[in-house]
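Look at the two complexes coming up: subunit A is in both, with subunit B in one and subunit C in the other.
Our next item is the complex of A and B:
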């Protein structure tokens, strides 16, 4: 206990002590980065069955005849990479939305992006659709379109010419849009038959078994663009989180920063949901866990959350695909079972 | 795919306590029947009670005569008002539709409670047909239908007897154009029994559920010799051309390597009704083409 406490204090000092920000950033990114890399390297080695790694990597066996290699490179690796990408995108979007809305309980799904995405996906799953664009197959494409529509509506409502976005309007518009899209989803499902409803419901639980690298490569550019914008946000987020007025008095162009924050976080969330369905709780559990460890400075919280989000979702999916093999638990159920109680604890703790 | 997986799911949802089909005590023989269960509708027409059927479920498409009958909802949305307005004297409901059943009882209308047997599904179908015969005054025809089905099934059993039983995966649902959202027949229920009768061995034999959703890792690991997709004819537009090509990604599966990935399109493969023997034969022909030359 003592040693553990001492270690914890040491970690605490290392991560949020009086060192200069650059040193803390390097230490944090190195720590969480190492964790993320370790998770992504080790997770593909575990699964519902055991593989012979030497055989899997033996290039003298033709790939088509090598079950171990196929399991490693088709069944597991894409899943792990999808998990890392989605986890990083949702966790960092969570951080940005929490700062933008100045609400610690905000999630990437608060503003209706995921409900819009879900409606799009439901329509294609239930009504059918065969429009595919490049690497985007119909369901992800429709989901992306729905997400974009939801974000555009919220943005149009909350945004005026050259004025600060109203967080109240954002929140209320988001909540309303969530309810509205959910009603439409229920309506579409009611009109459909069992099989498509079942498939649609399964989509809503989230699934990282994307069956190859193409869907990941389709989502990657969108997340990358969002990540590039994220890198320029932390300073503004720090001030915005406190008070937009004092932020502008310190020379931050709040209006611009808000718009970039909204755009980038919505983009990352849309790409993540289109790839893997609306996997809940990542965007709230991870940022808060990270803040508990490294403090509240967004210059550190944002990259740390992205890295920790990647590890967290990869680990949740590892549980999802192994616990009940040969069937699997939907990954959204795993994150919800872990995240739900945590969320409630946060509520109680803050109260 | 809708109708197909739909029927299976409807059965899953409709599963009752597992007890056998029981004929309701029907002193008067039914003359105006509403059926909410597509499989039962088929049985009624097969035993000659078709003219007595005055309303069917929204998912009924067989026999073609049902298309002109009023559609009155199904498992989750039976339109009670519409059904009552048709003045039926017998309503066929799913075992799980207890509220609906109670409502008709209150209105003084007989109900036939359809329970789908998981442990002995083909036998259960025979029992249901026999019970329907008793309820509709078509006992002799019901017996004849059961006999004909039994003969048909026995003929297939004889053809495939002694042949090696390929390890087969029955796919009953998949997101078109991808390898996502795959549903397969598990090791119990009538799909498993049909496969067994057709001379195949279910790769998910050990998983004692009617359906399972395996990950791609499990698909690779189970390595079926034959991969058989069962699809409904209705939303044919759902599947882009060359859709089966997506399986080529999983090249180490023997079925993919040996070009033994097949599709059977038709309701008859998944409806536990009078066309079971046709379904079993379609599966058997795919698994053992040489035995049917």
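Our next item is the complex of A and C:
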């Protein structure tokens, strides 16, 4: 606790104290919202090549001749928006999975959704595939299908005979499925040639350079549906985080709440992984940082994590683009380098 | 009393078996139990480990749905009531509470307001006042901003009772509320429950292993063994050397303690 630092603790008290929930919610959303907006506005302006903003926004220059505008709108803006969407989706589904599993160390990938998504993507990258549906190109589509398959398997296993979802079975099924899909991924890669293995490995590192607005617009409705469901969950998540039985006796339909939580968090995670690959640690680092700042009430933690997740991933990607420019670091490596030690610190601190 | 007991919280021939995957044949945890709890009474559920006390308590709270039989609250079938409606009448105090997150005591108590709020509605000043009042009633007001996990066992149990009180229930169902507490805290929680029962006319149903606690608090006892109801009646009639032997296979000395003002049970030896 002492290591949190004085300024940190002051903010903690200012936001968490005995203020009414409404005030805390408004302050928190305003603060993290402002940070997210500032990050998304400023991040596209920074990069390995500097751009002239006035020239980029000058509509008298034809777009085809305006290099600054091209860098801003084609190279950087989609990447920043993809980062914001993926960061928000992974961080908020992390919060929901942690409450559903009653385990603060759970991540959006704990239940095998990302492993299923990865297997789907691997198969298309290595074996090839041409099925595209609407705005979805083959690799994201296969990734989405793999994620859906994994979620369906875990769900079927964890749903007991009397329809009570066992969090223990969820966890064990997820861990097993992760290992199983990872083995299949290794096997598929073993059979493939070097070029496709390189592409597949690159996909596994995560990449926000999604190549335009279309993939973002394809993922957006899925994340939006999940977000709408998330908005109705926090009170139930709070109570299930205390104790599932007492949640029931306080008026929560626990089985129903668990199902919505599982479905929505799996949906948001699947969409994020389909868009940008399995970018790790966002779903655990962000919720924990947010809890340190604003307390553990899910009605505040959930929106705050979504907003901070957006900022966090955009900033990580900014580092990935600029740190070793002109060489790019895969964004999944940056989040892991920041997240890994943080995760270990959490384990030591909680122990 | 007779008319209210037949219309208040009543279990009618309820049975429940826990689902067991991959095994056919289920042993009933609760098997055809009928029990009427009169308004304002303090009923104790007694019986050996695994006799179905906790399951019966969960059935009567509506947390579990009976496989056969019904539980009714003022004549309405509990299983047909929305969870939120039922929770405005019935609150449960579990034996232990282990939150997965570091909630403050006040946050835990405010969650008791859940059945009175719409799903996305935030609690207002009225709810906060009820929460503070509940903390005060359980002597835990000074713990409001403390993290729940940093509290002692007795403090925790009192905060959980405060959370149940914030629900403003008519009936409190308690599952061994003093089992994990030392003697001092046991007496503290017991006197709190007695006060709530007397001053607020909250109907209490308490599962317990502590025969002396039951003797001192309960005006009626229900004895369970193997999921079945052995006996139900006034404490003074039900708690005897014979029933203790029947229930626990233990020979005990049961007599009225003048200083304590209630029956006391002293176990002597295991029999049978």
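In this section, the second predicted complex is superposed on the first by the 337 of 351 C-alpha atoms of A that agree within 3 Å, B and C clash if a C-alpha of one lies under 4 Å from a C-alpha of the other, contacts with A are read in each partner's own complex, and residues count from 1 in each chain.
Keep in mind that, in the parts below, a contact is a pair of C-beta atoms (placed from the backbone, for glycine too) under 8 Å apart; a residue touches a chain by one contact, two chains touch by 3 or more.
Predicted model only: the values in this text are computed from it and were never measured.
Contacts of A:327 after superposition: subunit B is touched, whereas subunit C is not reached. Once chain A of one complex is fitted onto chain A of the other, the partner contacts of A:212 are limited to subunit B, with no touch recorded for subunit C. Residue contacts after overlaying the shared chain place A:238 against subunit C, while subunit B stays out of touching range. In the superposition on chain A, A:194 makes contact with subunit B only, while subunit C stays out of contact range.
Judged by the touch definition given at the top, the superposed model places A:317 against neither subunit B nor subunit C. When the two complexes are overlaid on their common chain A, residue A:299 makes contact with subunit C while staying clear of subunit B. Contacts of subunit A with subunit B, set against its contacts with subunit C after fitting on chain A, share not one residue. Within the complex formed with subunit C, the residues of subunit A that make contact are 17-18, 20-22, 25, 98-99, 102-104, 160-162, 164, 231-232, 235-236, 238-239, 241-243, 245-246, 248-253, 291, 295-297, 299. Chain contact summary for the complex, subunit B toward subunit A: residues 1-6, 8-10, 13, 58-59, 75, 77, 173, 175-181, 204, 207, 212-223, 235, 237-238, 240, 246, 249-252, 257.
Residues 47-49, 63-67, 69-71, 74-76, 125, 128, 130, 132, 137-139, 190, 192-196, 198-199, 202-203, 207, 209-212, 321, 325-328 of subunit A are the ones touching subunit B in the complex. Partner subunit A is touched in their complex by these residues of subunit C: 19, 21, 58, 61-63, 83-88, 90-92, 94, 97-104, 106-108, 111-112, 114-115, 117, 119-120, 122-125, 128, 144-145, 160, 167, 173.
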